[in-house]
Amino acid sequence: MKSSALRKALGWIGLYGLWTVMIVITIVPIYWMIVVSARSRVELFDAPTLLIKSFYAPNYIKPLTDPVFQRYLINSLIIATSNALLVTILAMLATYALSRWRLPGADNIFFWTITQRMAPPAAFVLPMFLIYTRVFKIGDWTMFDTQFGLILLYCVFNLPFAVWLMKGIMDGVPIELDEAAFVDGANRWTVLTRVVAPLVAPGLAITFILSWIFAWNEYLFAANLTSVNARTITTGLAAFVSVTGTNWGEMAAVATVAILPALIFLVFVQRYIVTGLTFGAVKE
Amino acid sequence: MADAKGASQKLVAPVEHKGRRGFLPIETNTFDRYFISVILWIGISFLWMRFLEQFLPLWVSTVLCLILAIVIIRKG
Amino acid sequence: MRSNRAGWALLTPTLVILAIVGFLPFLYVLYVSFFDWNPFSNQLGMKWTGVDNFRRLVFDGAFLDSLWRTGLFAFTTVTIELALGFLLAQTLVKSFPGRTVFRTIYVLPLVMAPIAVGATWRLLTIPGFGPIPYFLDKWFDIDFRLATFADQAFLTVIAMDVWHWTPFVTLTLLAGLTAMPKEPLEQAQVDGANRWQVFRYLTIPMMMPVLLTVIFIRLMDALRIVDEVFMLTSGGPGTATQFIGIHIYRVIVPKTDYGYGSAMSLMVLYFTIVLCWLLFIALAQVGKQRE
Amino acid sequence: MFKHKMTVMFSVLVLLSMVLSACTVAAPAPQPAAPAAESGEASWWRTASQAAGCEGVTIRGVSESTPPSRYAADVLAASFEAETGIKVELEATSWDEMYTKAINDMQAGTGIYDFVYIEQDIIYQYLANDYLTNLTQLLADNPELASPDFDFAKFTSFIDNFKDADGNIYGVPMEAFLKVYLYRLDLFNDPAIQEAFKAQYGYDLAPATTHQQYQDIADFFTQYGKDNDMELWGTTVQGNTGHASSFYEFFESIAPTFGVYNWGINQDNWKASVENGGEMNSDAAKEALAFWVGLLADAPPEATASTWDEVAASFAAGRAAQGWVYGENAAWIATDPERSKVVGNVGVALPPIAEGVMADAESGAGYIGYYDGGAFGLPVSSQNPLCTLLWMQYVGQESVQADWAIAGSRIVMESTYDDPKVQEVDAKVDGYYTLMRESGPLFRGAPPFPFHSALREVVQPFIWKALSGELTPAEALDQAAAAADAELVNLGYGQ
């Protein structure tokens, strides 16, 4: 009896101890980023302390009031949101097809889809550049430096992931529900949007979130396939590494601003994550 | 979705893979056998170039791989 | 029962997009990999060389070193992330006060851009104003200089990746654990099995599909890591953290050795596909045994 | 319940993205300023712009995000648009990204960029590939577009870097600076320190003129920092172990002062190693690398993580007593209290050199340091070459130079040195501009190699390994020279 109580107490201490350590480890780098963003350049090399002694506002004010930077932020929002929407919808359609029809070679298509994500990206910058500037060219308009170009490109990374996530979840929705709806006279589209979609909503949510985060964060292609109009916030981050002294303070400020939207987003959809992230490993 | 947490569920692989059974240790369909052949051909070519090309030219390995591929596609 | 046409119609947009932005560039890279093409060499334009690029590759020490280094990195990080993630996920299955708060804070790194993660860790570790070298020196008398000591750099990069991606592993495993049927576990406990036995003979086998899936995803991404490491160490000191993604970047971008770089890229893609295909087959086998 | 929430969330997001798309259309970047010349008589610029049919045209360029480039993007582009009606979109981005984009564009001939920043060291690669338009020729072919205010002869000798063998010019210089020796006036002029130094080394403390003196001063201040519990070290070292900047510091600033020029490559037979007639692993080069790597012991701990940016930052933070620092930083380190702790305490001098190097430099056989800079070039693939020609002449006018020099510590024209505004700053930075004017010819840019970056990529890992201690300096240079020889053959040189 006594030893069991002791074990229980030890268990609690262990549990909270573990989590305290994990939280501290998680927080420290982010906290440090905020500390740096609150310091002026001349204070940076003072003896490190973990305290925020004063707040050097220009680090934030300068980028935030810069119209170029605002445009980057808006571009990022548009690209991430549109890409996530596109990916979610396409993945839902594709996985519905994969799960409801016996398409010849379906599982091979499934694997092929995933391999799209595996290539080391550097080699693909030049071909993408050529495709966007040469192939997708209507008069003076090219896909280069457009938001649409990036929205489409990020599908390469997000769609495989999304299809994988959604496939199993789709499989988990009993086909009898479809049949019942058909019997009631619904057409296929109604079945998909009214019967199936609500049931796979957690999966859609998590697909949307992960796609959104990825599109928001991508750097290499955003840097090389845009020039002025469609640049995103991550390329803005890299630009702070300049010749006259890396502007650590401003860079940290921009990085802080850049994680805020994703953060807010994440807090909102926290609860769907755990139900949605099973990669379809749950089946009834 | 609420009832998805019911007692009847189980954890399964999110992928399924159907095909026939040949001498290969797994069930394979036609595409798989082509895929395996190509993968083996590339892999053997790499190894050949590294270790054997000093003695035997590369086309020897290509011929060997072609034969292997036919066997796999037919009987795998 | 239904015609396949509607099914294909639903699948087409996905396939078309992937073909355009995924497969088309791949074909181009494949094409270029058979040429000697470096705009800054003495011989301008593209010159057909057959498989010479690959022939050079299998003897290229720097490339093979970097491949090996990447493998070591991917193996280490995935192992640590899996172990730590499993432990944390198990603590999160049962409700306890503060669970939601912990979980919410804990997934923060997940939303950060890789490039921002690299920058943040650089801020942490740069001698002069970063706290890590300062406190390590003050408390433990350790000379921490990422850009001088290869081992420290490698370990820091691993720590950074673990910090960044363990939350994802934890959440996925948690989703699996939450969805796992409870009766067999309870039954086993009634039958007198101890915790370890339950874990070893019930939890692990039941979680196998989820575990393999997580390994697959993490492995795939760890093998092509670039942004974080580039921002933190740019591959240094020397070549201690020059992973394959960075190596390829250097060959293609500053060296503009397009042909050779494309060949390199394809070889890496080949290894990744083979590895992932094996995992995929394993996954399918697990699925079959279950039925 | 669940379904309802999800629907709401998605609709909000769709709405949000739509609103945001509307925003970008409604609010484009800075509104064009009202054309200044509209009310009065048309200026030469507007007439020329109209003649070439360029009004309303947008030209695009890419450049490194340096103060001079940003000045061009923010100030010059706006006034140019007001004068001519030509909109200039200048993309200022990081060094690596700039190269990728410019090279991709010119290689593919897509014509996205109408002008590109060409650094002095990469021009030979561009010329070898016929990426650039011959500006001399273009001006001669279009005399009606040649501005009376523009003349290649007004530039300093730096423009010679952008000429081909026939003297045709391919770039309009927009920035140029020296990599100079900076030291701390407050430390060097402190009587107590001077006394202590003399007591220890037997000669007066002054900016180093030999490597031994440099080493002594570095040792002295490192010890001084330790003794007084200060965050002070003897020297900076641009010794990043994963970035090209360390390669550049060694081969362009350190090795020449030991008499090893042009990266130690024999330009007659394109060989680097001593066995084949090069100098990359000569005794002088090994001595230079040993000296430089040895300086790490006297450098702040961040030295092995420092690129050109962080070296300037370390010096500005007062963490080093002396060092080789790019001149573009001299002005802000010496004058901007927002960013620098050593305002007013920056001394500028010529770097220390080995015996015989000065004679080489004066005769033109060698040089004592790096003369860096860049120009705007016009890619052959440009879709608006004539409009771009106007822009290039605009940034190459004498009248815009002085303010530009203040904003970016760069000088490309002889006349700029005499401007009162520049002379005022000159006094504050201990005569940096005067030094540049008088001693500029002793410095030189990168050697005219068309394989510049390819070879750098091969050699730099050995320099990094020497810096991290993985290889000794002698081993590093022996291996580097062997690798360089192999790569040069691979690139088609010196078969």
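For clarity, chains are labelled A, B, C and D in written order, and residue numbers in each chain start from 1.
Here is the rule we go by: a residue touches a chain if its C-beta (ideal position, glycine included) is under 8 Å from a C-beta of that chain, and two chains touch if they have at least 3 such contacts.
Predicted model only: the values in this text are computed from it and were never measured.
**Student:** So using the touch definition from the top, which pair is joined by more C-beta contacts, B-C or A-C?
**Tutor:** Between B-C and A-C, the larger count of C-beta pairs in contact belongs to A-C.
**Student:** Can you give the whole-Å distance between the Cα centres of subunit B and subunit D?
**Tutor:** The answer is 53 Å.
**Student:** Once you find the CA centre of subunit B and the CA centre of subunit C, what distance in Å lies between them?
**Tutor:** So the centre of subunit B lies 23 Å away from the centre of subunit C.
**Student:** If you average the CA atoms of subunit A and of subunit C, how far apart do the two points sit, in angstrom?
**Tutor:** Distance between chain centres, rounded to whole Å: 16 Å.
**Student:** From the mean C-alpha coordinate of subunit A to that of subunit B, what's the distance rounded to whole Å?
**Tutor:** Here subunit A and subunit B have centroids separated by 33 Å.
**Student:** Touching at least two other chains at once: which residues of subunit D meet that condition?
**Tutor:** If we look for residues of subunit D contacting two or more partner chains, we find 2, 100, 314, 317, 319.
**Student:** Two or more other chains touching the same residue: where does that happen in subunit C?
**Tutor:** 128, 176, 178-179, 209-210, 213, 253, 273, 277, 280, 284, in rising order.
**Student:** Two-or-more-chain contact residues of subunit B, please, as numbers and ranges.
**Tutor:** 1, 4, 9-17, 35
**Student:** So, with touch as defined above, which chain pairs make the list?
**Tutor:** Contacting pairs: A-B, A-C, A-D, B-C, C-D.
**Student:** Name, in rising order, each residue of subunit A that touches subunit C in their complex.
**Tutor:** Touching subunit C from subunit A are residues 15-16, 18-19, 22-23, 25-30, 32-33, 36, 44-48, 50, 90-91, 93-94, 96-98, 100-104, 107, 109, 111, 113-128, 130-131, 152-153, 155-156, 159-161, 163-164, 188, 213, 216-220, 234, 237-238, 248, 251-252, 255, 258-259, 262-263, 265-267, 270, 273-279, 281-282.
**Student:** What does subunit C use to touch subunit B in their complex?
**Tutor:** 51, 54-55, 58-59, 176, 178-183, 206-210, 212-213, 267, 270, 273-274, 277, 280-281, 283-288, 290-291
**Student:** Which residues, counting only subunit D, touch subunit A once they are in their complex?
**Tutor:** My answer: residues 2-3, 6, 9-10, 13-14, 16-17, 20-21, 23-24, 27, 29-30, 60, 62, 64-67, 89, 91-95, 97, 100-101, 104, 108, 110, 112-113, 231, 307-310, 312-314, 316-319, 326, 328-329, 332, 337-341.
**Student:** If we count contacts the way the header does, which residues on subunit B are in touch with subunit A in the complex?
**Tutor:** Going by the criterion above, the answer is residues 1, 4, 6, 8-18, 29, 31-32, 35.
**Student:** Would you tell me which residues of subunit C are touching subunit D in their complex?
**Tutor:** Going by the criterion above, the answer is residues 38-44, 62, 126-128, 133, 145-150, 233-242, 250-251, 253-257.
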